[in-house]
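I'd like to ask some things about the structure below.
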Amino acid sequence: MINVGIVGASGYTGVELARLLCNCPDVKLTVATSRQYKGKKLAEVYPNLAGLVDIVCEDLKTDELVGRADLFFTAVPHQTAMAIVPDLLKAGKKVVDLSADFRLHDAEVYEKWYQKHTAQEFLAEAVYGLPELHREKIADTQLVANPGCYPTSVILGLAPLLQNGAIENESIIVDSKSGTSGAGRAAQTGTLFCEVTEGFKAYKVAAHRHTPEMEQEISKLCQKQVVISFTPHLLPMSRGILSTIYAELSKPFSDSEVHGLYKDFYGDEHFVRLCEPGSFPATQFVRGSNYCDIGFKVDDRTGRIVILSAIDNLVKGAAGQAVQNMNIMCNLPETSGLLTVPLFP
Amino acid sequence: MINVGIVGASGYTGVELARLLCNCPDVKLTVATSRQYKGKKLAEVYPNLAGLVDIVCEDLKTDELVGRADLFFTAVPHQTAMAIVPDLLKAGKKVVDLSADFRLHDAEVYEKWYQKHTAQEFLAEAVYGLPELHREKIADTQLVANPGCYPTSVILGLAPLLQNGAIENESIIVDSKSGTSGAGRAAQTGTLFCEVTEGFKAYKVAAHRHTPEMEQEISKLCQKQVVISFTPHLLPMSRGILSTIYAELSKPFSDSEVHGLYKDFYGDEHFVRLCEPGSFPATQFVRGSNYCDIGFKVDDRTGRIVILSAIDNLVKGAAGQAVQNMNIMCNLPETSGLLTVPLFP
Amino acid sequence: MINVGIVGASGYTGVELARLLCNCPDVKLTVATSRQYKGKKLAEVYPNLAGLVDIVCEDLKTDELVGRADLFFTAVPHQTAMAIVPDLLKAGKKVVDLSADFRLHDAEVYEKWYQKHTAQEFLAEAVYGLPELHREKIADTQLVANPGCYPTSVILGLAPLLQNGAIENESIIVDSKSGTSGAGRAAQTGTLFCEVTEGFKAYKVAAHRHTPEMEQEISKLCQKQVVISFTPHLLPMSRGILSTIYAELSKPFSDSEVHGLYKDFYGDEHFVRLCEPGSFPATQFVRGSNYCDIGFKVDDRTGRIVILSAIDNLVKGAAGQAVQNMNIMCNLPETSGLLTVPLFP
Amino acid sequence: MINVGIVGASGYTGVELARLLCNCPDVKLTVATSRQYKGKKLAEVYPNLAGLVDIVCEDLKTDELVGRADLFFTAVPHQTAMAIVPDLLKAGKKVVDLSADFRLHDAEVYEKWYQKHTAQEFLAEAVYGLPELHREKIADTQLVANPGCYPTSVILGLAPLLQNGAIENESIIVDSKSGTSGAGRAAQTGTLFCEVTEGFKAYKVAAHRHTPEMEQEISKLCQKQVVISFTPHLLPMSRGILSTIYAELSKPFSDSEVHGLYKDFYGDEHFVRLCEPGSFPATQFVRGSNYCDIGFKVDDRTGRIVILSAIDNLVKGAAGQAVQNMNIMCNLPETSGLLTVPLFP
């Protein structure tokens, strides 16, 4: 039995971890921290967990935490993470960090998009936790930087094409749409029900912090430094990301040739489902699950390909992928706890 | 391994059965019928099932069906069910019928609210499949009439009070609100997105067919023939029923005395969760699960009690309860396949 | 030209007033206060007003306000209103107060449900601003207490029956459901999109502050002190209230007899639309308008009547009724600025 | 007083025309056709119109129609329109056709994307009814082809850049998202509430029929034949389109230079509202109105510009623009009937 802790358990990502861990037979949730709900049962904060999760939220310093578990999920904002993670690592703990703090290998890039980085010495050790690309390194590391939600959908959608040189690297345009749970549970006017329902808008146009994360992984895949266009949008729904990705094909391809590239690349990957040519993914068909559904269309008129990639932002885009990384790091079956069927309707 | 079949697999209830059966280790889905999608994979009709459910929809006559499974879920409209169920029973199969055809013990009442009943000889055998009330009879029968969604929420909400004579039986008023999935997947103008979203209305006021079903079970519990007021409403959401139930208390009660009645009545029932006095259930906290969450408030000013009861209409209100009944009928652990954590947010 | 001011312009009620006043040819918005958005254009806070409303939010003391308009809408929380309204009245201004502070004639009742009342001397003068009941008094007063959203829907739904002695006064049960805009624009976890969407719950069961307001007007109509049961619920939508009201009929009535009572009572009232017997109102058909749509059903089985009453909580339930009151107080056509067609779909 | 008729009054576009015409003082709705609801009041089909629109739906042949009005809105599917419009024109009537049948000047292009064109002789006369581009021609024609919803948002978003040669014409990528009302009121599984809510997907990827319409107008503006990439998506909401448009800048521009191009181009256009640099449009702020709100962002990193354009698909994207065209054709004030304030929240 592996003991795990959640640092920052009362946000949407934290509670989603608690939900998924209920399904993990080899794992026990032994500690959950929340400053705001200190002393309260997590199931009082999130009554969906009533009768299923007994844990009480605590407000602990890192040195009080370390003895309580073997592996920690740090589900706290960037900058907060880098203040906690080093001590957990030094205490010999495994860490899956869900913040942005250890995703970028290059501290300069981090500092350009975020702020000063105060734990740069751990960047080399951190593995970008996208199992479909970096499974072996994840198995060997003490620190996994769990990918951002948008990058997960985008990198999985592009990887087979990039690796095969099928697209012009400088031509990538990413138009992503996310459910509102991605904005977290902080009380803000902008994410009130009445502000979001029956409405749609872009935000942080050409300025979102997930951009360098995508560029890092895309550049690795095509072995060349590239920049991309990225526009995130806010959907009037709770869960789900759909990324629509445009790129120029490097030469003419048929839909079935491209389908072949994807099949070869993903083979038996459990959490990537390819749509048959002519059909496209929809966020409602991955809801609550760790799947990434991918479809595409070659457009002969323009010489471009359009790729559609759908995930549940709280699962494959956050907590589910974190559990998948935990499984790999702890030598458990990779799909353990992650076999729930998507909930539709 | 028990082989089961779903008759009418392509409606929302049918596909929800398919989803839940994925989680049942002792059960195998061996046949699924759908006239409309004959020859198509169920996972093509409902892509959430891709990679998880392999079954192909068939259009079969009852005599072709019987050899294919040990137990059948009949998820077809009333009147259609009574044409199929008798032959399944005669062939020695167990049946969980999700239609209304075998819920009412009195054929006259049935014919008043529905239409002519052509299989009255099976009414005596049919057990009303609310396990919390009729578990033992369910274990012994070949035919379970799976309760309606509204009645499930209402009867579970009222049973402890009725059995203890705590309320005036003639004073019961039920105001229920259901998500749109209760209306099924048939293409109808009234359930189009644009007709339902950002709107709310009552329908079939004082005329809904679930009324006699509630009256039958309520009358049994209070050992007296009673009529109730029942108003269903359509919510701009997909899943969930909340019933708000009003009744006059037979004598003054405190909130904690009433809470005691509920605790005594439900004891260790796995799928009934009682809210602490002062807190109330919400449909979003039972989503995707087989729970019925119940809360209440004694109103000293009026001498009435208000009971709130929340279920997922497709799970405890249909497919989940059907699986629970299957488990009891087949001597499997009652919670098998039904332990998924409610999905929130 | 009448100059009007909005005190508290940046809440949903305030901005709805600004929207409606755009349609009033005889009225000019000359001042709008907002502490939070001081110095900002109201149209920057609410971009729907861009190009239509030029006013800049100010943070003014009452003595700075009084010279700026002839009539004031006070769209501030209760307790805040009673600190402002007296000075406006003393300066000779007309006031439509949208808070609860002047709705209850009896200060004791107010203090039981709210808190201490510090402007009791104005209670006698305040007129409860439901024009369909109190039009003449509204025309003659300096201070109108604009009704609450729930009470508006409920009192209009019950008035014809109460005045005709058609129902048992002690039997009234009100089950109301409101869109989330009723909770206002303050940043709160409970009204975040993800907490509300695809969910439904009751709140303040048997304890909501609109209860005494309904009881006051109901008691006046039936000339007897009555208590009622009232349960509000939160709908996963933005605008609209539907109240489902139950009462025992004092004697048998047919649907058409009851329809006659409503027709006689409401006659040519512009903002009350009666549904034909057999059809019922829906909130989506009053959206954005000042209408109250009313339907009902006599239930012979139980001897009860069920009344359904639908309004847009921000219009007939708040800002629209306030404009209607302003029109009456200022001797303008009562429908001026209020003739917009409900927006559907 | 101008008498107008709506052919196809019971679809969402038809009833939106009826709503807007209520606000037109110089226009009278004298006839409304609907095969499905023949003999029924339009206000029974759409109860939002109760008390406001008295007209009864009729099922009329074209020769019975012509005497009933001076101008007709044909709100029927493509192919149906081309069977009706010629006879209306021959009878001397003005026509605003809301179908696709007369939008494309080149019959070959039409036949490639739609089907055979049987009224090609009227293509030369038809004016593409985007007033901001073709106001003078609209004033002079008998037949206006009312633009598609997607093209309206896209062409208005691109026009200032295209006319000024500011972007590379071959680089245009359009990613559009539409509310579900765009799919019309036909009962279809795909637009049921449960299929759409809490979900998001692309459809007709690189194959939508609005593509050639955009290409026609874009090519005119840049005086060169261009092809574009276009992906439409279905939003879980009722009204609104947001188009996110990507293009390579022909040379470096600052945000304020681009803003200048838009201001010069649109000048005093009433129905185009420009967002200040740094802010972006949202569909909820144009709801129910005829506005097109436009924002953009120059991305120095990639050399691209991202343009955001928001409309209400039923108003500026259909019925509102049709009324605007009617006003121009009939020499009425262009904004007549179209000054309603967007409804938010």
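Chains: A, B, C and D, in written order; residue numbering restarts at 1 for each.
What we mean here is this: a residue touches a chain if its C-beta (ideal position, glycine included) is under 8 Å from a C-beta of that chain, and two chains touch if they have at least 3 such contacts.
Treat the numbers as computed from the prediction; the structure is a model and nothing was measured.
The chain with its CA mean position farthest from that of chain B is D.
Across C-D and B-D, the chain pair carrying more C-beta contacts is C-D.
In terms of their C-alpha centroids, the spacing between chain C and chain D amounts to 36 Å. Inter-chain centre distance (chain A to chain D, centres taken as mean C-alpha positions): 38 Å.
Separating the centre of chain B from that of chain D, both taken as means of CA atoms, is a distance of 45 Å.
Within chain D, contacts with two or more other chains are made by residues 12, 181, 194-195, 197-198, 236-239, 281-282, 284-285, 287, 345. Residues 12, 15, 19, 22-23, 46-52, 181, 197-198, 238-239, 273, 275, 279, 281-282, 284-289, 291, 293, 314, 340-345 of chain A are the ones that touch chain B when the two sit in their complex.
Residue ranges of chain A in contact with chain D, taken from their complex: 173, 175, 177, 179, 194-195, 197-203, 205-207, 227-229, 231, 233, 235-240, 242, 244, 246, 280-285, 287, 297, 299, 301-302, 304, 306, 308, 310, 345. Contacts from chain D toward chain B in the complex involve residues 12, 180-181, 185, 187-189, 191-198, 236-238.
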